[in-house]
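One chain, chain A, links the two complexes that follow: it is found with chain B in the first and with chain C in the second.
After this line comes the complex of A and B, so read on.
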């Protein structure tokens, strides 16, 4: 009995676990509340839609969470989504085979990630400013790729077969009854989950987020870890770009607008601290699901968009408030102990 | 221990807001469904056989779409069906596709769509059709065959704009000179068609139509372009959408005592003010309320099994000038 209690305590004590569990409870409450207003929310087709549409927020959330755990931020994510959607679509429209187009686009995304990492890690630019710059650059590239136009249908030269395969793989197809989009994001989520919790790189990511100087002294290569983190986030953004391109069957210059902020929201709702050093990707999963459930549910019950924004805004602020309160509570506790 | 309490309190607060947030939503929903005499919860059946129609426009903010929704709601009340306005918050392909997907799983019998672009939404609409849902286009069609389309014939509306300008110039005994055109961009089909129609009105006249300048729909850019035209000594300027018309009117206003004739397209409170004060001659106001109303009629017909054959109906434009601008909605 005591042993069990200790295990429970240990589980609860994992940093960020409380917030992650709270987010999951919140998710269930919100979902049931919407379902009571409109039972169609519980329909199988809606659950499938929900899983599919939360995938893009999950990936962006994972990307932003990784960066936030290092104590930085990546504002270029949304633009990167648009840039990669445009690059991959333009390549396919001009007849480049699907696999090659995907590969080239990934390289372009990684290049932006390395640039972000160098600016923030090596040249010590404030991450807010550095990635604000690359945000504009990436969106500018998205515009220029196809001369200020959205692209034509991606199947125009490749033929219907290849284009369909691309669209099926990233958006419209199903595997084992669930849309591929969700499987893709779930696999990436699990990969990043293990990367953060079980590998040395993961520990370094947490370390430089809690204390850069201390981790530098203990031999963590801060520059390298920062670059790696920005590469991870860029790759996630590129995949979201593929998903949006597959969804529309074309490249849209404005794709992914504001997604970087959706990523922050998903992470923060799930208990990832914007101050760095703590947070679990499990929480980000719940955060992305909360975000999408709100969007889906408010749409299904026919609420106006203004209300949607207000509800989401309140939840984001409350989630961060909780983080701040818990942190300051801890400090008080430590102070009390030392005075004793 | 203290920490746990705080966490729990926050947790309760979070859930509390989530609940009140949802509770608050029922008010506007009820308000919007009152017209169709439906019960207070959207899920329960409406008066006539549980027929639900979805209206998905490009966004919910633009006056154009709000007016379209008003037209649709009024007609839905007459027909005794329920029409929900479930558009995305901003003009975003991905979000519009989600709205179509939601409409499919939410049990709508027909969807009225104003497509963001002709291609992006196509696959989602095909999925909807495969699920037995009738598609009606309002304002902007996509590349999938639908039951019917209700939109503005932009070529003919543009020609009317040209004819109005020609009439006004003749009335002032101006028979030659340059005319400038402020358009949105070269890619938007609707505004390109307006320009085509406008130019066609001048083919047998002595006026010279200058090269088109593009403002991306931005009123301040449009104003600089129009000011340049005025400096060049044009006799007339055509602004091909709301932003372009606003910029054109403001430029004529800024050039005090200018005799340039400005003609706009689309309406807004600003444009109506510019017409009232005499800076713009007139504007071609589209009729989104008619699109919405006729769209609902077509949805009901299609649901009842009537074959509409994919007909395209021009809902026309209303010419707003100094005489009728005060009475326009």
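After this line comes the complex of A and C, so read on.
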């Protein structure tokens, strides 16, 4: 019994677990509340749609959370989504095979990630400014890739088979009764969860967000770890780009607009600290789900878009406020202890 | 301060605290432990509500348990943290950025003329337009004293000033303190080393657990007076003083070859395995540059660092470790668990440490015998200062480097903390890990050293073997033991 209690205590004590569980509880409460107002919320099809729609936010949330844990931010994520959607669509429209188009787009995304990492890690630019720059660059590329126009249908040259396969794989297809989009995001989520919690690189990511100076002295290559983190986040953004491209069956220059902020919101709702060093991807999962459930629920009860935005905004501010209050509360506690 | 009892959230920080400082007096303050010292400074300057007692400043009751009379006292506190505003000139800091300066239109030439006599008085040759960040540590302390005098502070508190300025500068500082004391300014000189207080103070108050336990008057200001208060530490140092013999037949583990930077010019030194080398830096700019080079924050213009004969980039190689000043504050990862902090540098030796929880469990089992089991369940913020320091040193122990650089390891520590740090450094030495202590103040460090290297301006080195320590021109604890060789 005592052993079980200890295990439970340990589980609760895992950094960020409290915030993650709070977000999950919040998610359940919100979901049930909307369900009571409109029972359609509980329908199987709505759940499937919910899972599929939250996948984009989950991936962007995972991307932004990784960066936020290092104490940085990536404002280029949304533009990167648009850029990759446009590049992959333009390539397919031009007749490039799907696999090659995906591969080339991934390389382009990774290049942006490396650039972000170098600017922030190596050249010590404030991450806000550095990624603001690449945000504009990536959006500019999204515009230029098809001469300032959205693309035509991706199957126009490839043929219906290849285009359908792409769309089925990333958006419309189902595996075990659940949309592939969700499976893709879940697999990536598990991979990143493993990376952060069970690997050396993961510890280094937490370490540099917690104390850069101590990390350097502990032999952590801060530049390399920062670059790696931005690459991870770029890869996630590129995959969201594929999802949006598959959903629309074409490339949209405005795809991914504001997604970087959705990523921040998913992260902070789930307890990832914007100050770096702490947070669990489990929390980001809950954060993305809360975000999507709110959007979906408010939609289903017929709330105006403005109301939706206000509610979501308030929840984000409250989540960050909670983080700040907890941290400052801890500081007061420490000050009292150290003077005792 | 008369019978002052001060509490914060029901915790008593000062208990029946009694201390009188007369005009023009230099009083020493020797904190045996750090408890209550921040509260004392707070009460001294800010007049917070008291649980009991009275505080007088310039013969006026300024605070009492019945209610405070004044919001704050004009008392300046000068210590490790500069109170000067960076980006502003010396002139601005002394005249313009002080309470009571009301001139809206600045007449800089007039202010410069007004400043000059003060600078001449101190024999200080700095331009009034010099920016604060361009000052040396000694100049910074001088400017802070000057600002205090100009602002009309009748009491100046100096906190562990010998960890900021070097021996020769301390002598100059003492002269200036005496000069201002003669003119009516009082000083409270806080230092954990009685030997330092003996050099300058008229009287000394010994503080422990938030209480003044004894005030030593002029005739009691002798080196042997204090033995009762630090006997445990003293005995430990005496017992281990000559254990770490200088054996230069050991192999060279670290070599600095022709290190050159902005201030450092062609610095060369070697460190042998298992020895304790103290590098005393008598030039602050060189000191900070050397730390930046060793921590990898600043590249060398020229030169090579060799660990076990191989050229390395500082801190990229885990054969070399650095413990920064106040490691409990600067070197821990607060959001991480105790065990994660402990294992942080072991992943090169044991790559699977983050994958396999069994490895971490076995590390916990092994180290709980040394550190205690309860600390592993605490959050980093909940650890005591000594536990935090232990964690940093043990992390390095797990890393097993060949050499550890400790930057001012004893700075700002009370006696119990210094004792523990000394034990931890001894532990490195027992395991054959060379310890290099980078310091400005030789107190504490000297008693552990096999060799001392003094670095002066233009990177001139003077090296002392243990047998020559008596020749060191110092007044630090246990230095006299090297004269007799006891």
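Operating definition for what follows: the second predicted complex is superposed on the first by the 340 of 340 C-alpha atoms of A that agree within 3 Å, B and C clash if a C-alpha of one lies under 4 Å from a C-alpha of the other, contacts with A are read in each partner's own complex, and residues count from 1 in each chain.
The rule is simple: a contact is a pair of C-beta atoms (placed from the backbone, for glycine too) under 8 Å apart; a residue touches a chain by one contact, two chains touch by 3 or more.
What you are looking at is a predicted structure, and each value in this text was computed from that prediction instead of being measured.
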Message = Quick check on the superposition: with chain A as the shared anchor, is it clash or fit for chain B versus chain C?
response = fit
Ask   = Between chain B (first) and chain C (second), which does A:274 come into contact with in this model arrangement: first, second, both, or neither?
value = neither
Ask   = After superposition on the shared chain, which partner residues are touched by A:198: those of chain B (first), chain C (second), both, or neither?
value = second
Query = How wide is the angle at chain A between chain B and chain C, using CA centres, rounded to the nearest 10°?
reply = 130
Ask   = Looking at the overlay, does A:248 come into contact with chain B only (first), chain C only (second), both, or neither?
value = first
Query = Given the superposition on chain A, which partner contacts more residues in chain A: chain B or chain C?
reply = B
Request  = Return first, second, both or neither, reflecting whether A:206 touches chain B, chain C, both chains, or no partner chain.
outcome  = second
Query = Does chain B (first) or chain C (second) touch A:214, or do both, or does neither?
reply = second
Task = Would you give the minimum C-alpha distance from chain B to chain C, in Å, for the three-chain superposition?
result = 12
Note = chain A residues where the chain B and chain C footprints coincide 330, 333
Query = Which of the residues in chain A come into contact with chain C in the complex?
reply = 13, 15, 198-200, 202-203, 206-207, 209-211, 213-219, 221, 273, 277-278, 330, 333-334, 336-340
Remark   = The answer for chain A against chain B in the complex is residues 18, 22, 25-26, 29-30, 33-34, 37-40, 43, 45-46, 48-49, 52-53, 56, 148-150, 152-153, 167, 172, 244, 247-250, 252, 254-255, 257, 295-305, 307-311, 314-315, 318-319, 321-322, 325-326, 329-330, 332-333
Ask   = What does chain B use to touch chain A in their complex?
value = 2-3, 6-7, 10-11, 13-15, 17-19, 21-22, 24-26, 28-29, 32-33, 41-43, 60-61, 84-86, 88-94, 97-99, 101-102, 104-107, 117, 119-124, 127, 185, 187
Ask   = So in the complex, which bits of chain C are touching chain A?
value = 8-9, 11, 13, 35-36, 38-39, 295-297, 315-318, 321-322, 324, 330-337, 340, 344-345, 347-348, 351, 354-355, 377, 379, 381-382, 384-385, 395
